[in-house]
Structures are given as structure tokens and as C-alpha cells.
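Structures follow.
Two complexes, one shared chain (subunit A), two partners (subunit B, subunit C).
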Partner chain A sequence: MKPGRLAWWLVIWVVGLFYLIPMLSMTRFAFQRIPVIKLSFNNVFSKWTIEPLLTTFSDSGFRSSAMLSIWLAIATAVLTLLLLVPTMTIAHLRSPRMRRVIEISAVLPFVVPAIALVVGFAGAFRDTIPQLIRSPFGMVPLYVITALPFTHRTLENGLASLDLRTLIDASRSLGASWIRTVLFVIVPNMRASIATASFLALTVVLGEFTIASLLLKNTLPLYLAYAQGQNPQGSFAVGLVLVVLSAGFVTAANRFGKRVVS
Partner chain B sequence: MAGSFKSRARHFIYLPYLIFLSVFLVWPGIYVFRAAFEKNSAERHPMVEAVTGQYRASFIYSLELSAVSAAIGLFIGSLVAIAIVRLENVRVLRSLVVGYSSVAANMGGIPLAFAFLSAFGMQGLATRLLREINIDLIGWGFRITDFWGIVLVYLYFQIPLMTLILVPAIDGLRRTWHEVAQSLGATANQYWRFVALPILTPALLGGFLLLIANAFAAYATAFALSSGGSRLVPVQIRFFLQGETITGKTNLGYAMAAWMVLLTLVLVIGFQTLVRRSERWRQ
Partner chain C sequence: MSGNLSFNDVTKKFGTTIALDSFSVHVNEGELVTLLGPSGCGKSTALRVAAGFEAPDIGDVRLGTNSVLGLPANKRGLGIVFQNYSLFPHLTVLENLEFGMRVRRVSKLRRSARVAELLDLVRLVGLAERFPHQLSGGQQQRVALARALAVEPQALLLDEPLSALDATVRLEVREEIRRIQRDSGIATLFVTHDQEEAMAISDQVCVMNSGKVEQVGAPKTIYRFPSTPFVARFVGRVNDLEVEILKPGVARLVGHAQEFTVPATSGIRGVARVLLRPEDVRIASQDDTGTLKGIVKTLHFGGATTAAEISVLGTDHVVRMSDSTRAINCEVGDNIEFVFDTERCLVTAATH
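== the complex of A and B ==
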């Protein structure tokens, strides 16, 4: 092997270890009942247990915050699709100018960090529609906004790869109504990008901390942050589950995303 | 554009999206700036006070943390990107590294803080393993909750983000350029130094700005690591504006948020401009 290649392999290995070690440490801490100090080659494989995870799963505080996070994630994905798919489809068909407007507006959330967005939101709605701040589902619009740059890009790629005009003309000339056309022609053709966008929205919601923390809503990440003190092993175990889950979502999004392009 | 009712009516289809953005993005944004520029009883304007004294220190700390983690992320992330291109003949390597990078670039928040606490905390596994080979992090004064500790944690999403930004840019380098350079007698290193690097510069600089903005907005990880993170701007804003408590300095909190938006705006515009420049080579 040439020395140059060896150096590049070294880069890959060092960074690979850096990516791997924190995750392995978290796994060990969550599932092995041996303090780091007492850890040695003789007991690396002993006292592993999934009990911390099971105990936490039966905790009512965990259950309510997990349910809340799951519902918020689903609501966010649904609202994202309802808001974007029809609007973007029509813009693609009829108005390149509108398409550009949507494209620019979709990267705006990058400019407003979550912390600024949420304090502005709380201030703006405190005196006008306080219900939005009080109900945890008031956060859904903010989540939609936070995920917008990613979800928009995905759907945009999906739409760009379709011959929309032909599909719609065919469907319409066969007598299908507009609603039928969208539901049974456009949506099935966009299923890969719709799935990708949904996965991205789910990932954003399951990991989001800033917004829920400032509005004092007990989502899963908030539960973890506060349970860390009394139940470190259990909350690290759940943290690991969250990592695996969002890794799965992102990987699924990549898979589907590739199908969008090809 | 025909003036018939029907052609105008079809524009209504865009209304839900536009209203949604106005209500949940533009209005909160405007609210932040209005509250920030509201003159209160304090002698100094909130926008001025937000960048003086201890609050200035807070901004500098946040920006330093972002810039340092972005610089290291830029360097290592680029090395990884070049490595997977150089080791192209190993098929799985590329999809493995790019795949994991997109996972790690999205990582953040509480679970990431947990992972680093269990690896590099006082009782961390990595801390322990390093001590076995006589690298005593804690003895050297390293704490995962300090400046360099947070930098280390941030690198977990900064490095992969840079890799993801750079890989398409490197793919855009045309094989023919390499061949031309070779046929003119350039060594591999000369090619990278005098041909590839100048072409990649906009992508590198743009990535650097994006990485700064990325770290600047991060909040959850620092919050979970607590102590050291408490000086970060987002944590300060939270202190003034959390829940319903009246600290008497709400305007100051909004002013800090307004400064964050302004700084991020500059970074994002810089990023967009540079990316457009770097795309000129790719047709």
C-alpha cells in the first residue's frame, strides 16, 4: 500500500472511532450495571441488562411525554404535507415565479434560529391567541417551520422529477376530477419524496428541544433532560433509543430520496 | 396574465401557505425586532445594551465557540471528504461514510450530550481508556462542560456536515482537469494545491459560514451539559424570556434574539453567495 493511501485510511479510522465511541459509551452506560472505575477486561461482558429501559418504559411520566412527542411528530408531518403538496404542485404546473417565491421563503427559517422563533412566537401570541401557547399542539406550526427547509427541498426534488403536465392531462382527459387527480395520480407518483419529507419532519420533532423547553411543554427530549438526575441509566437508555430511531428515519429518508432522483 | 376572474382566483391556492408563513414565521420575527427596538425606561437602548458588558462577553463566547468548532469541523470534515474520494476503489466506504454523516449531522440535542457525558465525562469510558494509555484528560483540566468540551461535542455534527457539503463539490471536479494537470507534469499534491483547492475555496468558505451558523443556534446540547453552556447567547435569552416570568428585562432578551437573527442572516447570505459561486464550475 502506498503511504498516501495509508494516511487517508488513518483519517477514516480516527474519525470513525470518534463517531463510534460516544455511542458505544452511552450503550454501555445505559445497559451495563458496572461503574466505569470497576470496569476491566474480566467483566466487560457481565451484568448487561435491559432493565433500565423497561423500568423507564413503565414510568408514567415517560409514557405521557413519549405519547405527546409521537402525536406532535405525526401532526407535524401531516400539516407539512397538507400545506406543501397542493401548493407546490400548482406552482410547478402554473407559475415558475411562484415556485421561486416558495423556494426562497422555504429557506427563511434558516435565518431565524429556533430560540428567536419561539420567543417571537410566545410574545406575538401571548396577548392575541394564548391558547396556542398553552396547548402543546400550538408548537406544531413552529415544528413545520423548523423542518420546512428540508421538507421543501425533498418535495421540490420529487416534483421536478415528474412529468406533471402529462400526468395531469392524461388523468383529466380520462374524466378524473382535480381532487381525484391529486389523490390517485400525483400523490402515488410522489410517494418516495412524500415518505422522505415525513421522515425528516419526524426526525426534527423527536429531537427538538429549544421550542418545547421555552414553552415548558413536556416532550420526550425535555423529559430526558430532567429525568437525567434521578434516573441516569434509564434516560440514557431512552436517549439511545432516540438516536437509533432518528438514525433509522434519516437512513430511510436517504434511501427514498435516492429513488426520487433516479 | 389574463385579467379574468378565474385566472386571478387560482392565485388563492397559494394563500394558505403564504398566510401560514406570515403568521408563524414573519410575525414572530417582526415581534422580536419590535420588542427589541422598543425604548424602555432603561437609559441604554436594549439593542445597545445587548452587546455591551456581560452580554457582549456572552456573544463573543458563543461566536468563539461556533468559529472554533466550525474551523476544526471544516478541517477534519474536508479531510474525510477527500479521503473517501481518494479511496474511491473501496466501494462501501463512500456510502458508509456519507450515510453515517447524514445521520450524525442531524444529531444534536439531549441524546448527543448524554453520549459525550458517558464517553468523555469524569467517569466516561473514553476518559478511562485514555488514562490507561497515560493520557489524563481530567488531570490536564479538560471538562466536557467547558469551552473545549463543548467544542468536542459540537464536532460530532460539524465534521459530518462539512463532509456532506464538500463531497458534491469534489465530485464536481472534472477528471479532465486532473489529467491535464498530470500531462503538464503536476504531481498529485500539486494538482490538489494549485487546481482543486482554488476551485473548492468557495465551497469551503461557504461551508465554514454554515457551520458557524449551525453551532451558533445550537442550544439543547449546551443546556444539557449545563454549567459551561450557561454563558451561551440562547441560554441567556431563555433566562430573560422563559415562560411568564417578568424579569423586567424582557426587551433585552428580545434584543439578543434580534442580534442572533441579524448575525445568522449575514452568515446565511454569505453561504448562499459562495455556494452559487462554487456551482459555476458544475454544469
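== the complex of A and C ==
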């Protein structure tokens, strides 16, 4: 094996193990009915159970927080698409300068800590629109902002891969209105990036802790943190399920994208 | 229903750049008019103004007797074929062809009949279920043409539809476009920067430069009787010779004693330029007077015709000659005598 290739495999293995070891440990802790101090190589295959997961699923607290998170994730994905797709399309068509502004704005959430976002948000709206602070759905705009670096990049790639101007002109010249052009020409051709952006928004919301915690909303990540004390095995089991689901979403989006493009 | 398409004194600016400057062109029913010019001369802007993608600053665009300026792009009833492959990638050929008809709520029965008719017209029967990426470039442009015709437009706008195709396919699709245009009798505006394409396909050619119309005429007229130095230089090859006009109708190459006749209409005296097609230079026969002597520098064999570059003896002038291979019976390095057929040459001021 060439030295370059060897280094490549070495890096892959080191990084892979860095992720894999905690995941495997988590799996054993969550799904084996053996006290942590007694977990060893000798009992890798014994006393596996999904009972902790079922116990958590049957908890009404879990169900309500999971439902809230799912609704918040859907709302975030929808708001993200409603805001970004038309704005970015117009920017692509009309103003390269606007594209750059959007691009810079989209990476800002990377450098703005969630706590600053919440403090600013609460300060601005506590007296003006208190419902926004009270309702858990008031967090949706914050989630949209948090997910923006990922969703924007995905949609930007989708738009850049299209000859947008020609497609729109062709559609318009055939008699289609703007709405019809967006719904029947642009959106179908961006299916892959729209799906990926939606899944990314979904995973961001399902994993976001700080915003919900600071605004005292009982979302799934908060429940899991709370449940660690009561039912640690169940909490870890649900955490694992979330990781697998997120990975599944991203893989599904990729597959979907490839099928559409081919 | 086909109609006339006309631009009346259209001016369009982008910031300080004037893309169209008092642009006027008329396309009659059944006619194919080509806008020909170099990149940035405003030809595509003219098409986009007609299509409704750009609004003119001044002037009017009419379809038949009605101005279309008040109508949005989707209400103008024009068929457009674009330079880039513009088929909707997520739709099959069939769905692409049906798109415009669905917008117009044409019945399924009528749509099916029209699609069959169009596929037959562009000779793509059997490819209805294919996606654009499963078609060649030529096939895609033929589908794009069929799609534009599907909505029975009043006029057809073709924006460099052949430029993305390779040479052989381009020729094939060009003939196809002309055949379909003739059969349908639709007023067609064709945009290209390729002069050979323009000459081959058009009823009328409109040569454009810097947003202005330089000359409009039949391809032969444009080539044989260019009205401006720009047209002479842009359309076909030309000998651009520095001459002295001794008196009206008499000139000689700068630095050369031999006089020859030129059209006396220009009124230019002193140093000027003569623009002369290579085929208006020929090897002299015994009867010719006013011959010049030169040495054959290069020969470019082109099958039926041959082109030669001749260095004029005693001067720095190089003259390009093109004639039938049979007529150019010489080798590189030969001394030859040649004459100018100057009846159709253009005399212009030295600064042009």
C-alpha cells in the first residue's frame, strides 16, 4: 500500500473510531440489562433488551415533548423553504450583490451564540409581542436562523446547478404565470436540495438544546436531558434512535437527490 | 394564428450602456429574419424585448397591429427557443410538449393529437417518454422547437438555437428549422452571430452593431452590396486595402503606380480604404488592363475553391483571392498577374 493511501486509511479509522466508540458504548449502556461497571468484552452478546426504549415511549412526558419537537421541526423546515426559496431565486435572477449579502448573513449564526440570540429575541419581543415568547412556536424563527448556514448552502447549491434564467424564461414564454413557474418548474428541479434542506432543518431542531432551555420550552432534547436522571438507559436509547434517524434523513435526501438528478 | 412582428424605434439602456439604439425591424408573416452581429451588439436584447423579458425605454414592439408592450411575457403568445437547452429536465418529452397546452387548458384529446403531430414534424416519433438528458443536443433543440410551436404562437423567436450544437448536427437542425418555419409560415426572428448560418437560413438579414441596425436586406444583397464598412468586414471575408483616390472613380494602392477603377459615388479624395471581396480578385487574362503583379504567399485548398494570399510586388500589401480551384492554377512562390473586379467594392474614408 502506498504511504499516501495508508495515511488516508489511518485518518479514516481514527476519525471513525472517535465517533464509533462512544456510539457503541452508548448502545451497550442503553440496550443491555447489565450494570455499567460490569460491562466487558465477555458479555457483549448477553442480556440485550429494548425495554428502556419502550418505557420511555410509554411516558406521556416523552410523547408530548417529541410531538412538540416534530411540529417545531416541520414548521422550521416550512418557514425556511418559504423564506429562502423565493428570496434566493430572486437574488439569483436579479442581483448577484444580493446573493453575496445573503451568503454572508447565512453564515452569521455560526458566530452568534444561541444565548445571545435568545437574549436579543426575548428582549425585543417580551413587551411587543409576548405571545412569541409564550408560544413554543415563537422559537421557530430562531431555529430557522440556527439552521440557516446548512439550509442556505444546500439550497444555494441546488439553485446554482440550474440554468434558472432559461428555465424561467422558457416557462413564462409558454404562458405560465410566476406562481406556476415556481411550483411546476423551479421547485421540482430543486427537489433534491429542498429535501436535503428540510431534513437538515429537521435534525437541527431535534438536536437543539440551548434555545428551548433558555425559553423554558419542553422539547425533546430537554426531555432527554431531564430523563437522564430518571431513566438514563431510556434517555440514551432515544438519543441513539435520534442519531440513527438523522443519519437516515440525510442518506435518504442524498439518495433522493441522486435519483432526481440522474 | 401567425402575424407580423415589428420593432419601431426601440431603445434600451442598461445603466449607461445602450443595448438597442432606435432599433427598427419588421418581420412579415411567413418570413425568417435574422439578427446578425458580434457579441454585445444588442441582438439578444432585441429578442428579449419582444419576448417581454426586458422592457424597452423608448419605442414599440407590435404583433400584427397591436402593441405587446403592455402584456407580460406569458401573455404575448410568442414561441421561443433558447441557446441553452431549455427543456424542463424533470419532465419527459411528452410532458415538455404538453406544458404550454396544459397552461392554456387544452383538452387531453387535443393535447395528444398535437403532441403526435409535433413529434412527427420534428421527426422524433417514439421518443415521447424520454427525459431531456436521454436525448442528444440536436434532439433536445428539436423538442424545444416543437414545444415552442405547440402553443401555436403568433411569431417564433430563436435565440442562437444552434450555437451549442456540433457542426454536423448544427447543419441538420438548421435545415430542420427552415423546413418547419416554411411549412408553418410563421413570422420568425432568428438571432445568431454566425454569418454563414444567417446567410443560409434567412429571407432577410439585419446586421447589427452597437445596438443599431447597420443594414437590412436579403442575404445576397448584404454580402454583395454591403452598405457600410462594418457590414463588409463582418459578413464574409474582405480585402481591406489602403488606396489613394486620384480622382472620382480612379484609385491606386498606396505605394504602387498601377491605377484601377473604383465606384465614383463615394466622393472621397486622397487616402482612403477599399473593401473588396476575395472573389473579386482574379488571375488576369491576356485581355485585362490595369493588372498588378504579385507573388503567391500561401494557398488554402478548399476542394471546389481555393484561396490564395498574394504579396503585391514592390509594396507591403497582401491581397486575398478566392476562386475555383481550376482557375487558381499556381503554386506558392509563383509570380502572377491579377486584377481587381471593383464594381462591387466599397470605398470608405481612411479612418473607418
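In this text, the second predicted complex is superposed on the first by the 229 of 262 C-alpha atoms of A that agree within 3 Å, B and C clash if a C-alpha of one lies under 4 Å from a C-alpha of the other, contacts with A are read in each partner's own complex, and residues count from 1 in each chain.
The criterion applied here is as follows: contacts are C-beta pairs under 8 Å (C-beta built on N, C-alpha and C of every residue); 3 or more make two chains touch, one makes a residue touch a chain.
Remember, predicted model here, so these are calculated numbers, not experimental data.
By the touch criterion defined above, A:F209 lies against subunit B but remains apart from subunit C after alignment on the C-alpha atoms of chain A. In the superposition on chain A, A:W9 makes contact with subunit B only, while subunit C stays out of contact range.
With both structures placed on the common chain, the touch criterion links A:I115 to subunit B but leaves subunit C unconnected.
In the overlay built on the shared chain, the residue A:L83 is in contact with subunit B alone; subunit C does not reach it.
In the superposition on chain A, A:F29 makes contact with subunit B only, not with subunit C. Between subunit B and subunit C, it is B that contacts the larger number of residues in subunit A.
By the touch criterion defined above, A:R94 reaches subunit B but does not reach subunit C.
Counting contacts as defined above, no subunit A residue meets subunit B in one complex and subunit C in the other. Residues of subunit B touching subunit A in their complex: 10, 13-14, 16-18, 20-21, 23-25, 27-32, 35, 76, 79-80, 82-84, 86-87, 93, 97, 99-100, 102-104, 106-112, 114-116, 118-120, 123-128, 155-156, 159-160, 188, 213, 216-217, 219-220, 223-224, 234, 237-238, 241-243, 253-254, 257-258, 260-261, 264-265, 268.
The touching residues of subunit A, counted against subunit B in their complex, run 4-5, 8-9, 11-12, 15, 18-19, 21-26, 28-30, 35-37, 39, 83-84, 86-87, 90-91, 94, 98, 102, 105, 107-124, 141-142, 144-145, 203, 207-210, 213-214, 216, 221, 224-225, 228, 235-236, 239-240, 242-243, 246-247, 250-251, 254. Remark: subunit C residues 51-53, 72-80, 82, 84-90, 99-100, 103-104, 133, 144, 147-148, 151 touch subunit A in the complex.
Touching subunit C in their complex are the following residues of subunit A: 163, 166-167, 169-177, 180, 185, 188-189, 191, 260, 262.
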